[in-house]
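Paired with chain B in one complex and with chain C in the other, chain A is shared by the two complexes that follow.
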Partner chain A sequence: MIARAAVALGAGAAVTAPWWVANPYHLHVLIMAAIFTILALSLNLLLGYTGQLSLGHAAFFGIGAYTSALLSLPPLEWSFWIALPAAAAASGIAGWAIGRLALKLRGAYFVLVTISFAGVISLVSINWMALTNGPLGLPGVPPPALGPWALRTKSAYWYLVLAAAALAYLVCKRLVGSRIGRALVALRENEPLAESVGIDGTRYLVMAAVVSAAMAGVGGSLYAHYTRFVSPEVFLFSYTVTMVIMVIAGGQGTLAGPVVGALLFTVLPEALREAVAWQWQMLAYGVVLVLCVFFLPRGIVPGVLAVRSHAASRAGHPRPTPGSRSSLR
Partner chain B sequence: MEQLLQHLVNGLVLGGTYALLGIGLTLIFGLMSVVNFAHGEFYTLGAYAAFATLALAGLPFFVALVVAIAAGALLGAICERALLRPLRGHSIDTIMLVMIGVWIAMQNAELLAWGGVARSIPHPFPTAPLTLGPLNIAPLRLFVVVTAAALIALAWLGIQKTRLGTAMRATFQDRDTAALMGVPIGRIHTITFAFGSALAAAAGALLGPVFLAYPSMGDLASLKAFSVVILGGLGNLAGATLGGLLLGVAEELGAGYVSSGYRDAVGFVAIILVLLFRPAGLFARAERIG
Partner chain C sequence: MLEVSDLRVEFGGVIALTGISFRVQRGTITSLIGPNGAGKTTAFNAITGYLRPTRGRVAWAGAALGGRRPCDIARRGVVRTFQRTSVFPALSVFDNVRTGLHLRGAAGLWSVLAGTSRVRAEEARLAAAADEVLAFIGLTHRRDERADALPYGEQRLVELAVAVAARPQLLLLDEPAAGMTGAEKERLVALIRKIRERDVTVFVVEHDMRLVMGLSEIVIVLNHGRVIAEGVPAEIRAHPEVIRAYLGSADAPA
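The block that comes next holds the complex of A and B.
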């Protein structure tokens, strides 16, 4: 009951945000929170439901941002509404390639391949001057146009990212509730057993990687058309770190967790920005990650739910994270 | 031809320190099953320790190296006792998350402590290169590669010949049996992590004066250490040594003949290709230590 009321209240507040958020900077923070919600949901599909940690997720975000920017800039000047799905497709293809190649490997090996992939892509974005303009980046990415209107204002863009985040949430919800989601969870919990009842592990994991990457690409495209500028900074490792913290702290393997995590970790740092320097913030992210593993291994959302169902004592105990098969030895 | 020889020599100099980094990482992985994403941060720690001793305190280079090694060992031991010991027996993924947290925290602590500006570390060696026939080598680089080789030899002897090294190898082969034979597993773990971290710090103190010291230098060092370890096979000490030299030479050749902008891509590509085609490492026979 309370949860449902909270969700309704949150949705109402989100839809009416441009009226009650007077400060444009605050609206900017909300827009970033919505974009990060998409990214956190996307990472959660892999980390939370397949147990595989992608430490190269910024690569999919960046590929989406660059694809969308390059398509909508001269000489092509395609519409945003074509560039956005193209960005999703480009990132999805990258996700497919990485999934195909890397999901034969699990655990730490998968992490290393994704980091390396992001490293190579980042180097390409810096060195391929003819395409990406190197470290100078691509300025002047046009804002999306809806019929005769350009979505230049923050409030208009807010509705765009809000719709995209809601769509991403629904996609995750449908996916997780479907056969595919159940297959992923089965693979996460016990892969040999899942395969013995006929679940094709590689196929489902690659599928999750493609959807996850495409979703991150959508986030990248929305980011590019919002800031109107793309540079190799989109591949910064701190983006990946932020997504990981959002998912782990929020609650991996839950639908609400990444949303709560994304809101918390975009709004909180901005609120604290006056008091605390950015370096302290990143330092705190590291500490939060360690503390979460020790004290809140399942994340905030499952932790709160456990407290509410009077199982508070259970929440404190470390539990092996999903996908705990020791795949290295 | 002369150019090729020069690239090979430069590659071996670089590779010596990569081997040092890789040996530390491969020991920690092989013995403790810890995927140590914070390894590069101990490298950074070593570089800054060298900066503090050489530039701020004005002490000789050998002192700087000793300070770096001591700092790496101490912080490594603290890290193991405070974070890894309570999690022993947890899944490898859980521990990996903790080490990612340590990595982020350490790197930003270094950023806060030293600022984001890259520091050049002064060194006492003359800058004019030594000329050996067609080859040129800076005295500093010669010192780096010789010291790295000496440290690798010491690590090797320590593991092969001492009682402690025997206990480490026993733990690597079979933790439970070693424990039954009276090997204090907890202490062996602490020592191993401190030892590996000290080697990384030594590599940082050695390479710091060759390049620059800056807070995020550990990221690339970590990835290079991982590529070395993967090239050599996880837990394979000789493999890590060879893998380090191989990576150094490959990078130098890649930078010389392909494109200097893609120098750091060599390690990334090596990780991807080796994991895909020879996941047990290039020199794999069986996973063993020493």
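The block that comes next holds the complex of A and C.
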């Protein structure tokens, strides 16, 4: 009941954001939060549900950004609406290749292969001058056009990223609630047992990698057409780290966790920038992160749910929470 | 019929199975027994694809299983359980069973993402099938509890429920009674008989000799990686080589 009200309130606030967020800079932060929501949802599909950590997720983000930028810049000048799915496809193909390569071994090998992949792709983007313009990047990426209108304003772009984030959430929700999602979780929980009932481990992990990478590619495309500029910076390891923080602090393996994490850890640094002197900004960020991990080790969303069910059972109304560790504590 | 012929497994220089041959007839409850280290679990692992044998042939219902992965073998109707308790720990009992129903669903990526009515109908069908399996095993009262929060004996039943959900033609049970109390064992025996009545061939590795002799129609005895006897329980009890193999061993046949 409370959760439903919170979701309705959040959705209402999101849809009306351009009216009550007066400062365009604040709207910019919200747009970045929506893009990071897509990225965190994408990473969570792998990390949260299959248990495989991709430490090169920025590569899929960056491939999406470059693909979309290159297709919509001269000489091709394709429409954004074609460049966006093409970016998803390009990242998805990269995800497939990495998945095929690394998921036969899994675990630490997957982590290593994804890190190396991101490193290699980043070097390519710096050195392949003819294609990527090297460290100078690609300026002048056109804004998306909707019929005769270009989505130049922040409020128009906000609705675009909001719709994309909602779609990404829906994709995750449908997957997780299906036999595919159960197969992914089964592989995380007990792979030999999953195989014994006919779940093809490699096939489903590769499928998760493709969907996750494609989703990150969509995030990359939206980022490129928003900032109108793509440079090798999109491959920075810090993007990956930010995504991992969002997923783990928000609550890996939950649907709402990455959304909460993305919102909090995009808004927090900006809020701190206004609240404290710059020397203290990163320190305060770190303190919040440590407190989060210390007091809510499984993430904010599962932590809050556990507190609620605990309160309910103390009030004399036992609330079993199936499939959550909270019932054990 | 499960046909195992000349199955040999070596680990480095150690020969775990020397090249064993036996058959499990369709519709029977057959047991594989032997002292510790005789190679029983190794045989199970080689049959179900968890271990690549050095040589030999395994076939179920005429189709060769050799060289296939466990998930492909499961697709051919051969499903196993594990010696140590093996459930999906963080999932509810209901979700454990729903996961076991994987092969009974067909929804692919695109139809799932599109959220078609067919996918929703399949989900409803699978949920009903999961409840049916829970009722069959007798775990309905634990439906929404986490699997790892259950007492040990019931976790073993969850494991059985997951395997039954996969609708096996041949079910291989690796020490299903290990760690169970006497009452739980009786319940398990009744349950295995009930499973066989569903037209499932049951092949059991078990240490509890009373349970084995009471349950099985055919008993196969392994020792030092080879088959030393095969027959009905009464024959096995009187078999001189079996008695010799078990001498000095704590689990002599009753």
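The rule is short, and it goes like this: the second predicted complex is superposed on the first by the 288 of 329 C-alpha atoms of A that agree within 3 Å, B and C clash if a C-alpha of one lies under 4 Å from a C-alpha of the other, contacts with A are read in each partner's own complex, and residues count from 1 in each chain.
By definition in this document, a contact is a pair of C-beta atoms (placed from the backbone, for glycine too) under 8 Å apart; a residue touches a chain by one contact, two chains touch by 3 or more.
Since the structure is predicted, the reported quantities are computational estimates derived from the model, not experimental observations.
> Give one of first, second, both or neither to describe whether A:166 is in contact with chain B, with chain C, with both, or with none.
Neither chain B nor chain C is touched by A:166.
> Using the superposition on chain A described above, determine whether A:304 touches chain B (first), chain C (second), both, or neither.
neither
> Tell me which partner A:194 touches in the superposition: chain B (first), chain C (second), both or neither.
After superposition on chain A, A:194 lies in contact with chain C alone.
> Looking at A:264 after the superposition, I want to know if it touches chain B, chain C, both of them or none. Which is it: first, second, both, neither?
After superposition on chain A, A:264 lies in contact with neither partner.
> Looking at chain A, which partner touches more of its residues: chain C or chain B?
Counting contacted residues of chain A, the larger count belongs to B.
> Does the superposition put A:236 against chain B (first), chain C (second), both, or neither?
After superposition on chain A, A:236 lies in contact with neither partner.
> Give one of first, second, both or neither to describe whether A:89 is in contact with chain B, with chain C, with both, or with none.
neither
> Pick out the shared contact residues on chain A: the ones touching chain B in one complex and chain C in the other.
320, 323-325, 327-328
> Sort out for me which residues of chain A touch chain B in the complex.
51, 53, 55, 101-102, 104-105, 107-109, 111-113, 115-117, 119-120, 123, 126-127, 237, 241, 244, 248, 277, 279-280, 282-283, 285-290, 293-294, 297, 318, 320-321, 323-329
> Quick check on the complex: what are the chain A residues that touch chain C?
Interface residues on the chain A side: 171, 174-175, 177-180, 182-183, 185-186, 189-190, 192-201, 207, 211, 320, 322-325, 327-328.
> Could you please specify the touching residues of chain B with respect to chain A in the complex?
Interface residues on the chain B side: 33, 35, 83, 86-87, 90-94, 96-98, 100-109, 111-112, 219, 223, 226-227, 230, 234, 259, 261-262, 264-265, 267-269, 271-272, 275-276, 279.
> Taking the complex as given, what residues does chain C use to touch chain A?
Listed in rising order, the residues are 48, 50, 69-72, 74-75, 79-82, 86-92, 94-95, 98-103, 105, 107, 109, 112-113, 115, 119, 122-123, 126, 144-146, 149, 159, 162-163, 165-166.
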